[in-house]
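Structures are listed in the sections that come next.
Two complexes are shown next, each including chain A; its partner changes from chain B in the first to chain C in the second.
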Partner chain A sequence: MIKTIYSKGKLAAKTGNEVMAEAMRQIEPDVVAAYPITPATEIVQIFSQFVADGKVKTEFVAVESEHSAMSATLAATAAGARAMTGTSSQGLCYMWEMLNIAAGLRLPVVLAEVNRAISAPINIHGDQSDTMGARDTGWIQIYSENSQEAYDNMIQAVRIAEAAKLPTLITTDGFIISHCMEVVELYPDEDVKKFVGQYKPDRYLLDVDRPVTLGSIELQDFYFEHRWQLAQAMRDSKKIISEVAEDFEKTFGRKYDFYEKYKLDDAEIAIVVIGSTAGTAKVAVDALREKGVKAGLLKIRVYRPFPAELIAKDLAKIKAFAVLDRADSCSGTFAPLYTDVVAALYAAGVSAPKAINYVYGLGGREISVAHLTQVYDTLSKIASGDAQASTNLEYINVRL
Partner chain B sequence: MVAKMIEIRWHGRGGQGAKTAALLFAQAAMATGKYIQAFPEYGPERMGAPVQAFNRISDDPITIHSGVTNPGYVVILDPTLIETVNVTDGVSKDGKVIVNTSFSADEIAKQLGIDKSQVCVVNASQIAQETIGRNIPNTPMLGALVKVIGNLDIGGVLEDTKSKLSVKFAKKPEVIEGNLSSIKRAYDEVKVS
Partner chain C sequence: MKKEENRKFNVSELVEAGLVEGGTAEAFLTGSWRSDRPVWDKNKCIHCLNCWISCPDSSIKIASDEKRVTVVTGIDYDHCKGCGICAAECPPKIKALSMEQEKK
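On to the complex of A and B.
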């Protein structure tokens, strides 16, 4: 029987896009500027209906491109408003220039992002190439396994962004979550509003009593210091993310961390993955556990800032693990998540576990329990010494 | 795979409401206390082109997010799809195929090349015509599916569908009544082998 966790929670059947729009309605930002793109269109479409119906007092700006969407959103934030937008794939690419500016100006923009493949070839389906491409822009990146997490992450994002003075994006996997109806627990409007609180910027452009300059030129004299401050803000945001998650758990009862450990504590083999595939991997882990195989899972929720020290600790005693990337860096070596994980282990002096990197699911290509079970089987062989870990980037379910 | 989980695949043509049926069915199942998933197959969307939609129903939280490849139940809104789409793909020997047709289970079983015991037939198009006044077989097929699955409460399904349709068709109460009686009739009339 389905049940709620929060005493005042209400269960609803909603898609990822619907709950992201619902969170935005409850947050009721001052400004939303957006341009539609599949599969994120519904988020701002549903939200614009809330505006039209008078359910929110938000100023909705229908802009002519994603570049303008991000420009208008960050400008509104600079002026002192709480502002949000939503996009996907090519839309995020088109925002690229302004993503960096939002971070560099330390503006707490919140972006609902639906992960979709990058052109060419044109593909509307889910992979994480878009946000992985933006991983070095100075944005906090939080990924969701399902609609419930997308809703909860959106509510936390506003506070994280404003406390860290860093733009923050929340993702769902395109179509797999954005268009999948699931059971979601929603919280009362007033409780969400109370949790999110009022936006009180320290400095903002429309504060005429305390004028401030934004977007000035800084050459050899000050640029480096400001970029260091940006990087430091990302490091410092870990504490903020933890505190917001703690308060969220205290308020609504759901526990969130930088990553979820699923049967990892006593595991000998593990998969490290981001997003909806973690849910499918849990089914594989459960079946293997029934057979006595010590399989576990590490699901990344917060990718930027990257929780390197914690991950190194949790993977140190694993015999063999696989990092599954739903994006290919085309780097000539490995994919983004693997590179981060392995660097984390090396920096912590951990070198015992064997590791493999797989790329999977590009353009929405199927990733099934059977595919993931096969990865665990390979890891078992490596752990027992019956096989060597591949030193190349491997691929799942692709015709080569 | 969790044994208790039910997986369903809907076959229809663009415009026939396969996706809507999957969404309505999921909401109705949730109203009876189940965890649910409903998702369509997204491709180029054209009126009349073959489309699919999927459901998962379970007593436990559903974490799997891959496609449905071995459905326990297949619902076919348009019988002409039998000739062009492999509608029994991945269906095991104890799976059920529910077809909107005027033909008998015997005839459909022969056409599908599966055992008669796996085939359930109901003339949903005729029921829709007589209750709603239009050939929209998706809501009656919902009733047929509830009957074939067996352990879902039809009263709860009707109640939830009524509340959903009441919002959508507030100004057209006759549409709500027609849809509800179509579900009830298909529930009663589907021939389960």
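On to the complex of A and C.
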């Protein structure tokens, strides 16, 4: 149960979509351009109601597609406005071209994203295939375990994006978070507005006194340097994300980091996971701890930039861990999160822990405490030497 | 060439996102792109300025004469890409502009 931590905070029953819309109302961007898609529709639907009711001064642009939504949003940002949008799944796929352009032009667009499976077969339920597909587009990616985190992440995203000059997306798991009502602590409008501050771009297209061209062609002679700058901005954004989280904790009381360590410090076995499944895993960890099993959890919050060095340090003493991916890269080998985690360990010279990669929950397939307990049981056997870690990509709860 | 100097800029010297300051197109010399060059005959020209208003690269040079009338003074070969619009727009009875193959 979530309790008020901030002195002026108020508890409310809200779904993930409602809190994301609420955060957008409090942030009150200059422009929102959006196109509806399940399960993210409500975010901008509720927000457009705020616009219609005069609760915000935002210019709302009802566009004809997600490609246009991202185009209009990044263009508004380039013009000097603070702009946001929301989407999911196929919508994010349709934005893909413009996602890369927002990053390449270093525009701090903020996107409220709801993780949903991608077609085909057509499916509206939660998995992380959509944002995993966009992991190399130069966007900061921050995932939320529950509605409270979604709300807090949205508020932080604006400052992170604008300081890093990188577009930033905040996600929740489709339906599990987006449509589930939870108790959330909301902060007063003026306090959120004060935390977020004003958007003050150095250069913008509507600055008639200092005109600029943005988006010109760059061939063999300049392109590489600007792409390096983009990659470096992602590396540099780690410091910004930490600073914003520190200020957020100082202001509202909730502590955020690149990832959450749940009973990990003395753990022998651990699960690495992203999003709402972390909540389920915590229940499994608590039960195992009562039985004396040293189980732990590493819940990724910030996936891009990937906190490789820190993860390598925290997993170095683990005997066996499992990386759970809610997306399959169909690469012929392993799934995205596992690839990142294992590369992080190898680069840091950590080779002792045994590791397994599981894909789970595609298209909203159930992932229960029992499934996760089974993963921990397998890890226990590997840690004690009674079993070998699988060298193949494994699947949870699929009929093989 | 200016372009060659620009090649030396490294990541810390280059502006983010390839942002280009206003008015910098003047420093970017595109004359070498030409395969045909416009040739202006000063004696035939009636200074109607059709070429000047039609040129997509602002490469028709103009100035005020002693009576403060705007007249054509020549062609900016540093920026002219040789599209031939000026020669096509020059009144047929005047033919002060003609296209010739560029000498390599």
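Following the convention adopted for this analysis, the second predicted complex is superposed on the first by the 398 of 400 C-alpha atoms of A that agree within 3 Å, B and C clash if a C-alpha of one lies under 4 Å from a C-alpha of the other, contacts with A are read in each partner's own complex, and residues count from 1 in each chain.
Methods note: a residue touches a chain if its C-beta (ideal position, glycine included) is under 8 Å from a C-beta of that chain, and two chains touch if they have at least 3 such contacts.
This is a predicted model, so every value here is computed, not measured.
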Of chain C and chain B, partner touching more chain A residues: B
Chain B-touching residues of chain A, taken from the complex the two chains share: 1-2, 11, 13, 124-125, 145-146, 173, 175-177, 179-183, 276-277, 279-280, 282-283, 287, 366-369
Residues of chain C touching chain A in the complex: 6-7, 9-11, 14, 16-24
Chain C-touching residues of chain A, taken from the complex the two chains share: 104-107, 165, 203, 210-216, 218, 221-222, 225-226, 228-229, 232-233
Residue numbers on chain B that touch chain A, as the complex places them: 1-2, 23, 26-27, 30, 33-40, 42, 59, 61-67, 69
